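First the structure, then my questions, so here it is.
Labels run A, B, C and D following the written order; every chain starts at residue 1.
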Amino acid sequence: MSDLTTFIGRVQIRNPLILAAGILGSTFSTLNRAYQEGFGAVVTKSVGRHPRDGHPNPSVVYIPETDSILNAVGLANPGCIEFGKELVKIHSDVKLIVSIFGSTAEDISSVIQCIENNIGNSKSVAFELNLSCPHVQKVGMLVGTDPKLVYDIVNQAKSITKTAIWIKLTPNVKDITIIGEAAIDAGADALVAINTLKAMLINVEARKPILANLRGGLSGRAIKPIGIRAIYDLYEKFGPKVPLIGVGGIWTWEDIVEYFLAGACSVQIGSVLSQYSSPQFIISELLTGLQKYLVQEGLSLHELRGLAHE
Amino acid sequence: MNDILFNLPKCLTIRNKESHNEKTSTLTFSLPFEYSIRPGQYFMLWVPGVDEVPISVSGYHGTHISFTICDVGSASRSLNNKGHTELIGLRGPFGNGFEVEYGKNALIVAGGMGIAPLRFLIQCLTSNITSSQRIVLIQGAKTCNDLLFRSEFERLPIETNFCTEDGSYGFKGFASTKMDLLLGDLIQSDFNLEIFACGPEIFLKKVLYVAQKNKIEKNTQICLADRHIRCGFGICGSCFLDDIGLSLCRDGPVFRGSVLLEVTDFGQYGRKSNGLKYQFH
Amino acid sequence: MSDLTTFIGRVQIRNPLILAAGILGSTFSTLNRAYQEGFGAVVTKSVGRHPRDGHPNPSVVYIPETDSILNAVGLANPGCIEFGKELVKIHSDVKLIVSIFGSTAEDISSVIQCIENNIGNSKSVAFELNLSCPHVQKVGMLVGTDPKLVYDIVNQAKSITKTAIWIKLTPNVKDITIIGEAAIDAGADALVAINTLKAMLINVEARKPILANLRGGLSGRAIKPIGIRAIYDLYEKFGPKVPLIGVGGIWTWEDIVEYFLAGACSVQIGSVLSQYSSPQFIISELLTGLQKYLVQEGLSLHELRGLAHE
Amino acid sequence: MNDILFNLPKCLTIRNKESHNEKTSTLTFSLPFEYSIRPGQYFMLWVPGVDEVPISVSGYHGTHISFTICDVGSASRSLNNKGHTELIGLRGPFGNGFEVEYGKNALIVAGGMGIAPLRFLIQCLTSNITSSQRIVLIQGAKTCNDLLFRSEFERLPIETNFCTEDGSYGFKGFASTKMDLLLGDLIQSDFNLEIFACGPEIFLKKVLYVAQKNKIEKNTQICLADRHIRCGFGICGSCFLDDIGLSLCRDGPVFRGSVLLEVTDFGQYGRKSNGLKYQFH
């Protein structure tokens, strides 16, 4: 058996599979359950300063042809004060990453402070700044495509907390490494790529966009080759010193290996959960496959990282 | 995701529409082909430009599928106001549905709109009924006018018990109170019983209490409806029940009473679309 | 039967299905055959000033899980002089669009001139400027993400030819309408969206990127929701006055209707040809479906356009 | 795309390697399971870091698949130099393959490396041979040393005719010349004949000429190999034949002689990887 313990900078987790932001993670119960069923760590639904109802339905639909999901949940969240109370109920052994969105450096810092005031500054192992949601105006992607703003956000966040700061990047840019660089220059502890791609579907009978928000983000199997390239590009630019977390379309253990070979040191899992009645099934499938591969190749997980660059 | 007929909304026109009272009607659509759909399952019904909401299947026969909808807000109102040419999107079926053992005696307890999925269940049970089998229905509603499908049920080979809050028909009081009165007797007469219930969560809490008192919570299947549904397939997290973290949309909407005893929020707290908890009343 | 005659600005074609650039279109024979088998018009493989061998193999692979294709052909072409000779042999009734790439306005204009010198200025109905190839350095996408450069290219192209100028846009940007606007301001006659998405796949056994060029472009079913959104965004910005040609992941007639509802007035077809032994089969399937839909809805193709915006 | 085993390259190690001469060897791999593969079909063989090239299946039995490769450049050389632990990617099978009618008499004409797919064809034909059936092979090569699989063929129930350009073995001259000498007789003796041929295009042009002279071009199946292959599934356009626009990779590589008569480039022009035409010589 290969040891699957994973380091993302200083953050140590028991295996490299992390529950992606916005998947299940709206409540303490689901985060507890997901961790209990085997994830190495769990990311919460993105939380902002104030409550947001999110977009009306349809807000999440499954595209069977390509095993993909189109969503425009619209960053629904109860605001950081209420969400802080929720997070208090998370078991102390859960490796928790709190996902945060906002439109300015102040905004985001105030959410970090609010959460830390509620849960203390040792409960979460990292804050993941979602600068990449493609379907909410003014927050999310618009923020994450401006290197100067990203620098300021990360810089200020780093100055107010000792907790690791991860930056979630959008693929909806010409060159993802430019934003990554701004984040790293400002002291980000890890980069997470990718968030969903700007997308839309139209119902031909009703002649209307399916999502109530009209536009949404594409995740799932369709986007894996885009995520792999993002991680490859980032690793090529930064080398092994910057922790990279691969996310997008992971469906099988081979996909995880692909992300590691591209340069990831950990991965996040989202849409594939739609295929299983319970996270434990997919987690054990993925970890078993990964273990077998590592043993067969005689490599540790750590050694796997970035090998496609050789 | 394997047994879902429409993953993306499929728009259909209303084949038939029956009004039950000022606020409630049953819409029937014709599916493109026969499909396996279980009572307790629901579809997401999309009114383009308005909203998409979860609605239980209240009847299914051949390719004809029915939904019974009570006007409580924008989507339900516009569903009920749709004409025969307008398109409504169907996505589903979602959820687990009831576990039905044919031939077993059944006690069906409905509160208000909770009758909708139970009506489909009753259709299934009575279409396979045996001579020795008892099917007992306790249906409660605010007024006589709200006792949906009453005359339909009265024509079926089942034992009906109607209850109204205002006493305008049948027993005056809640269906759960009537259940409390009947259950002891039913169990004593060696009633090998499966209980099926649906309605507002506060009401279902009472139903479960009665079942538990009679030590029959394991044979009680309760269909919930008071959580916000977005995806329908267990991924977005908006419908989960505390503490054990079960999704209403996929793990449910039907749960055994014994499971619900561990659901701390059951009958007490729901969550708004932004995830905020609120107390039922 | 609904009339499928389609206008893209002044360009009239017999039906709205256009063979996409780089699919089959390297030789006069394939372009003749594709038109003969039913396409409304055909776009050539992109041609540049000088011959290019393209990238070594693997350069085109099929991804079965999502019915998609990853390619890095690398703009292989014999140069505009030789390609001009090729195009001379195209039957005179074929509605021909010549796809052109280059890195500067001069470069692209010289290719246009070279082609027109060879084939005359009436043989092709349009030039499609490929400013969007995601896997060739210095040409393609890098060009197509700079609004100023796009403006100059289109401006100069318009000044040297009377033939329509179409601009093929890349989805690998924050906001596709910015580049579209530059092109339209400079006088472009139509916008074509989308080209492929930046992507990569890695073989887990060999631990190497599959494409010889490492990086490539993703096309096929996976990208349809991204293409639909691009057209929707462009139509929202420009309205019906700018002809839009939708391309990306068209697999069924419903996909075509979706593109029209989003705002396209014509579509291009690429990767789906991998599913059929001969273009004629997919073309007749698509046209039959489209016809049936139009009759049933009592709409003309023209009326369908942009209806999802109402 | 439905009958393709590996759409993306699947990397395998060499199970067995047999050298035929300084430049040619046969590599055998073990597929994960049995699959339907026809003679004339080919795979794309990928040497990571080098190139990926089309190579015909030269043998297939159970799960063991063989390729016979002549070193003409970087990819073929490195394929032949690979050891047993190194990985080679397989993508395929691609192409149409020969149409095989078992029981029918066959004349097989191979020029040089053209023997590779024909060897698999011979394996298939002889494994189902009937007592009255004649299988005649005319194999040509530069020298005796280049007559691949000669001793294997000599052990089979087929009539062999070897030809070398330098006369170092068998008939001195081209296989097409030998074919010209034999074909008249074969047809006269009421030979209900199917001709299968593979080799350099210039050579195949001669084969077709001989077949046409004997009015048997419709029963002549010719396997081509002189076009640049990228995708293998008929989409990229790099392998098409003028004027009718047939893809070698998917419509072919096997074509009836009657079809090739309409291919204006056949035996005359190929295309480089950039699409430029060049003349064969």
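Here, a residue touches a chain if its C-beta (ideal position, glycine included) is under 8 Å from a C-beta of that chain, and two chains touch if they have at least 3 such contacts.
Please read all numbers here as calculations on a predicted model, not as lab measurements.
Asker: Please find the path from chain B to chain D through touching chains that uses the fewest steps, and give that number.
Answerer: The distance in steps between these two chains is 3.
Asker: Using each chain's Cα centroid, which is most distant from the centroid of chain A?
Answerer: D
Asker: Distance from the CA centroid of chain C to that of chain D, rounded to the nearest Å?
Answerer: Computed value for the inter-centroid distance: 36 Å.
Asker: Give, as an integer number of Å, the spacing between the C-alpha centres of chain D and chain A.
Answerer: Each chain's C-alpha centroid was found; their separation is 51 Å.
Asker: Which whole number of Å gives the spacing of the CA centres of chain A and chain C?
Answerer: Computed from C-alpha means, the inter-chain centre distance equals 33 Å.
Asker: Which residues belonging to chain C are in contact with no fewer than two other chains?
Answerer: 63, 201, 208
Asker: Which chain D residues reach two or more other chains?
Answerer: Where chain D is concerned, no single residue meets two or more other chains.
Asker: Chain contact topology under the given definition, line, ring, star, complete or other?
Answerer: Here the contact pattern is a line, an open path with two ends.
Asker: Mind listing each pair of touching chains for me?
Answerer: Taking the chains two at a time, the touching pairs are A-B, A-C, C-D.
Asker: In their shared complex, at which residues does chain C touch chain A?
Answerer: Of all residues in chain C, those touching chain A are 63, 65-68, 70, 141, 145, 172-174, 197-202, 204, 207-209, 214-215, 218, 221-223, 225-226, 228-229, 232, 251, 254, 257-258, 261-262, 293, 307-308, 310.
Asker: Quick one: in the complex, what on chain C touches chain D?
Answerer: Answer in residue numbers: 22-30, 32-34, 45, 51-54, 56-64, 69, 71, 73, 76-79, 82-83, 86, 201, 203, 205-206, 208, 210, 212, 270-271, 273-275, 277.
Asker: Per the contact definition, I'd like the list of chain B residues that touch chain A in the complex.
Answerer: Residues 1, 4, 7-11, 44, 46, 48-49, 51-53, 87, 89, 91, 229-238, 240-245, 250-251, 271-276 of chain B touch chain A in their complex.
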